[in-house]
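As written, the chain order gives the labels A, B and C, with residue 1 at the start of each chain.
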Amino acid sequence: MQTNFSSEQLADPNTASSNQVLRTCVHCGFCTATCPTFVLLGDELDSPRGRIYLIKDMLESGRPATEEVVRHVDRCLSCLACMTTCPSGVNYMHLVDHAREYIENTYTRPWHERMLRNVLQLVLPRPALFRMAVLGARVARPVRRLIPRGSVLGDRVHAMLDLAPARLPPSSDMQSPQVHKAEGTRRGRVALLAGCAQTVLAPSINEATIRLLTRLGIEVVIARGVGCCGALTHHMGRHDPAMASARANIAGWTREIEGDGLDAILVNTSGCGTTVKDYGFMFRSEPAEWAMQAERVSALAMDISEYLATLDYVPTREAPGLRVAYHAACSLQHGQRVLTQPKALLRRAGFTVVEPLEGHLCCGSAGTYNLVQPEIAGRLRERKLANIAATKPDLIAAGNIGCITQLSGGVPVIHTVELLDWMAGGPAPVGLPAAVAVPA
Amino acid sequence: MIAQPPPKADIIARRPEIIAGLRALVPASGLISEELRLKPYETDGLPAYRQIPLAVVLPETTEQVAAVLAFCHKNGVRVVPRGAGTSLSGGALPMADSVVIGLMRMNRILDIDYGDRCATVQAGVTNIGITNAVSAEGFFYAPDPSSQLACMIGGNVGMNSGGAHCLKYGVTANNLLGLKIVTMEGDVLDIGGAHLDAAGYDWLGLMTGSEGMLAMVTEVTVRILRAPEGARAMLVAFDANETAGRAVDAIIGSGIIPVALEFMDRPAIHACEAFAHAGYPLDAEALLIIEVEGSVAEQDDLLGRIAALCEPFHPISLRVSQSAEESIAIWKGRKGAFGAVGRISPDYLCMDGTIPTGQLPFVLRRIGEMSDAYGLKVANIFHAGDGNLHPLIMFDANLAGNFEHAEAFGADILKLCVEVGGCLTGEHGVGVEKRELMRVQFTDIELDQQRRIKSAFDPDWLLNPSKVFPLVDMPVTAMPGTAMPVAA
Amino acid sequence: MSAALAPAHESGVVEAILAARAANEPLLIQGRGTKAGMLRPVQAARGLSTRNLTDVSLYSPQELIISAGAGITIPDLEAKLAEGGQGIIAEPPDLSALLGTEGVQTLGGVVATNLSGPRRVAWGAMRDHVMGVRAVNGAGEVIRSGGRVLKNVTGLDLCKLLTGSYGTLAVLTEVTLKVLPRAELTGSLLLPGLDAVQGVAALSAALGSPYGVSGAAWLPADAAERVPELAGRGAVAVVRIEDFARSVEYRLGRLTTDLAVFGTPVLLDDGASRAAWRAIRDAMPLRAEPGDAVWRVSVRPSNGPAAITALEATGARCFLDWGGGLVWIAGPPALHDSVMATALAGRGTWTVLRAPEPMRAAVDVIPAEAPALARITRRVKAAMDPSGILNPGRLYAGV
């Protein structure tokens, strides 16, 4: 597509990169069809092609972002279904990330949005604070009736209270920095991103991952200094905090790479995996040393299912006869293009895997999207659950904590890795339906 | 660059009043009038042509469409129908004084009847959406334009869309049973129904491919077909376009009509392979994708016969798809071909002429010569069974004059298509892109005849203005008692 | 009416129309006149026939295309196509026996009436295969639409508009058809003893199968008796497969299994199958007494049984083709109101194929259009035939 940037504008590396993205787009419109917001709202402006156009206009003009552009860019889930669909290979992710940063730098949001975003940025990446906040939400839950709905702020507070789990599992020591030794002969050494919110909401995921890997002869390192991947702030367009998070992680893993070495850096929260795999791009204009290290980290990053698929995973329990609806997290299927491995592993574990219709559509979780866009997120959740229900599953498997939280409430939603661990000798995942007879 | 006529000054002057009037007719979120938000509606799948419209409305019901059209008719406002905006001929290009009516919110499946093998859907349902809705019962909707993922059935009716499988199953016109249309005056009419061959004039046939110039389509009743037991694709590679062309003739001449018979030349093979990783042979000059249907034994039988028919032409490789995944990848590459060219060139123009299939080698040779003369690369995708040729001309819109150069090249290709007995457009429509070339194919008398039929539906020429018919130097005989079409 | 003009060249058609226009005298447009009794009678000063426009200007079997003068007879055209092992896809019927007319019909005739046979249900109507036309409009202008290629969306599709327009908009001089190879083999399954509801259910199951059924008819006992290959078994449902020999055998076998719930099918071999479907195509099962009217009603297939039940109750004789969607009807002219009511109840359409002249002039031979559409019809007629001299009143009174 034709673009109109001055050579001055193109001197900025972000603009130069976005120009390349825009040039790749041929405006064919294929992306509209698989965009969740276009499907729901039926407006070109809420489609990838429409947003690309709005962003193009905003960047070319060099004007501050306007309320209208912000509205439509904010509605984007960053699910990246458009990238799977795009025949031209347009890197929408990098374009929208740039747009978000541009908006953050040139647009002043209303005070309540700023506050909300500040709170999310402060709390979610910090497990201790997050734990307190969830407990606080539990306290607030009984008085939620007092908070009026109908206002933007009121609705968002409700959205947060709705999502906050009624109770939290105890924290787990396995997630703190340490080395988990391989059982038997060591066949590999990997780092695991323990993550932030996940360590509070569902430590069982990391526990299962570690058990499963060590049982398969893999040494698992929880590297010191590694925390939030930075995706949360990155997707809010907040450049500096995102880079700070990423920098800490790169430093932590680099110590391991240059120390005892790493075969892979594993991520079991696919939303984070997409970002870690993009560190190389994020640091492309940083000093060479950092750029190289970031590139190396990204190259080693793998989703847990990708890595497991390279090992000889075999179940040790008898097949439980369970029908599992596989929910493909967007970050996994679109962001990382990990499509077949989770399903193949679940089948190998003895589950009957079914795939709901419209599997390409986002469930509405999308990081903090369900908190900042509760209305659209709610409609996507209902649509997703209806499609899943049509497959009549016993449980839902997903590879991303965000989706798991978003879809919970009905049919149990369990992380793929917990199911795999269970079938290979681990404990039965919490939340299995009572009716399911757990084989010995 | 094809010039657009100047907007009507009085309409532009009355913009606030017109927008206020429209506001009363559709839900609040269905009216777009701020310039910044109108911009993404300035173009479609032919982004070289752009014009910000007066306003965009997104109605949700046939009644709302009727109200908007009646209002525009009363006020003399031109309207541009829009579906998914995937037109490659600028079929949804707005004018500055026009209101775009987007049907993407009308995306509901209204009725599916497997016994009577038909489905009624709103115009904003995507082409693939119909197949997805009926595939669990083993049915499908046959026309499969490459943009089927995104393009909407209303637009398919407007352009009479084809696809890779229309050699066997026909184009949109052959798969329709009924339409709900709204005339420019705002009258809602049912054309056809769930039965075959309505008596009287074939309005269904005339509406199909009329590029939104006669009425707006809001509901469509289509035939759905039971899917065959199975289908398998075969890739046959040749070392020359001519040889591949002769193989096509041999296959059709033998009495076998494959369900699809697609041709790609070397640049197209390479672009598609980069996108789909389908295992296309990169050493080939020409590739045929041949698909047959039926039981496994029937497929084996037909593929065997076809392989034998290709043998005398010494294919450099011949590969039969071994799995459903492989077939999907093969078709993903073919159907993403246009966009895939975006990987090797920042911009492209997609031509859509049809030629007598026997002329393929000659036409490809001539296109190659033109490519050298113009200094622009071209990739060729060809529905070999039915003669529909898609040369994709690669250019760089950021280079001054490059687009105009590409456009001139395209015009030369289309003239060549007509010269050898073919036509300007096989399935993309004339739109704005080929408007001025219409006189290459038609006499002034013939164009005038078509214009008078347009006038019979839309006497004031408000529906999808400045499309299909050349604007300049046209002798016009409008209908008695109706306004003359506006010439620039 | 003075003798019909039958020019040997298109220019003669132009001259005839210009002369008629100058004299403001309506023309009766015909091929060989075999369908003159269909729809409304035309009051014309003079006839204009295309019977002498018979040249085959192009036949390219590997491009699946043939162009021929509108006056070529269907048997001559079929003979030409047989040289390339091909045939007319829509299987147009020869209704001369039913209509009581002499002679053979022309290509222009079946196109102008959009007359299609049993294969229509699977492979489309005449209108689906008209790729190009040359015609002379009511102003004496030669117009072309479409072309000689299989895919063409350049400009408004006047091929479709003219097909089935009964010569009221323009005089077809040349038609280009898409053609297909003739099937290597034909075979049919006959399911005896099914009533209309069960019969149409069986047809629907067959058409909804993946086996490419290309004919699906149901005949009550008296209608079946008139076709030797179908006689002696009471009411019958019959379905056809046409394809390569191996496919036909295989598919008939699968259908036999799939249709087992409807009974044990009887197999008709190639010869019997061809004969039976020729009879069905030409409406031979329909007994029409002298003085009877004949109608075709097209409805949603599942409405076919209700239509036939309602009509038989009035004393009409009927049978169903197109999977139940086409009702052939014969009976006294007085049944016209019942036929219209039945068609409307089935949300379909009717056509009077044969009736005494006074009735043809007096009734709606096809359904009247909604006022807004009728307005468009009149405007389109005027756009193509400004003086109203081509077959005036053939479809609608005053148009």
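In this text, a residue touches a chain if its C-beta (ideal position, glycine included) is under 8 Å from a C-beta of that chain, and two chains touch if they have at least 3 such contacts.
Here the structure is a predicted model, which means the values were calculated and not measured.
Asker: When you draw the chains as points and link the ones that touch, which shape shows up: line, ring, star, complete, or other?
Answerer: Per interface graph, the chains form a line.
Asker: Using CA atoms only, can you tell me which chain is the most central one in this structure?
Answerer: Centre-most chain by C-alpha means: B.
Asker: Find the geometric centre of each of chain B and chain C from their Cα atoms only, then give the gap between the two centres in Å, rounded to an integer.
Answerer: About 30 Å separates the centre of chain B from that of chain C.
Asker: Please report how many Å separate the Cα centroid of chain A from that of chain B, as a whole number.
Answerer: 38
Asker: Rounded to a whole Å, what is the gap between the Cα centroids of chain A and chain C?
Answerer: Whole-Å distance between the two chain centres: 61.
Asker: What are the residue numbers in chain B that touch two or more other chains?
Answerer: Not one residue of chain B touches more than one other chain, so the list is empty.
Asker: Among the residues of chain A, pick out those that touch two or more other chains and give their numbers.
Answerer: Nothing qualifies.
Asker: Once bound in the complex, which stretches of chain C touch chain B?
Answerer: It comes out as residues 60-65, 85, 114, 116, 120-121, 124-125, 127-128, 137, 141-145, 147-161, 163-165, 169, 180-182, 184, 201, 204, 207-210, 212, 244, 246-247, 250, 298-302, 322, 325-326, 346-351, 366-367, 369-370, 372-373, 376-377, 379-380, 382-384, 386, 395-396.
Asker: In the complex of these two chains, what residues of chain B are touching chain A?
Answerer: So the residues of chain B touching chain A come out as 29, 32, 34, 36-37, 39-41, 43-45, 47-48, 58, 84-86, 102, 104-105, 107, 124, 126, 128, 132, 147, 149-151, 275, 336-343, 346-348, 397-398, 403.
Asker: If we count contacts the way the header does, which residues on chain B are in touch with chain C in the complex?
Answerer: For chain B paired with chain C, touching residues are 113-118, 138-139, 159-160, 162, 166-167, 170-171, 173-174, 183, 185, 187, 189-191, 193-206, 208-210, 213, 226-229, 249-250, 252-253, 255-257, 294-295, 297-298, 301-302, 354-358, 383, 385-388, 421-430, 434, 438, 441-442, 445-447, 449-450, 452-457, 459, 468, 479-480.
Asker: What residues of chain A sit close enough to touch chain B in their complex?
Answerer: For chain A paired with chain B, touching residues are 1-3, 23-34, 38-39, 41-45, 49-50, 53-54, 57, 66, 68-69, 72, 85-90, 357.
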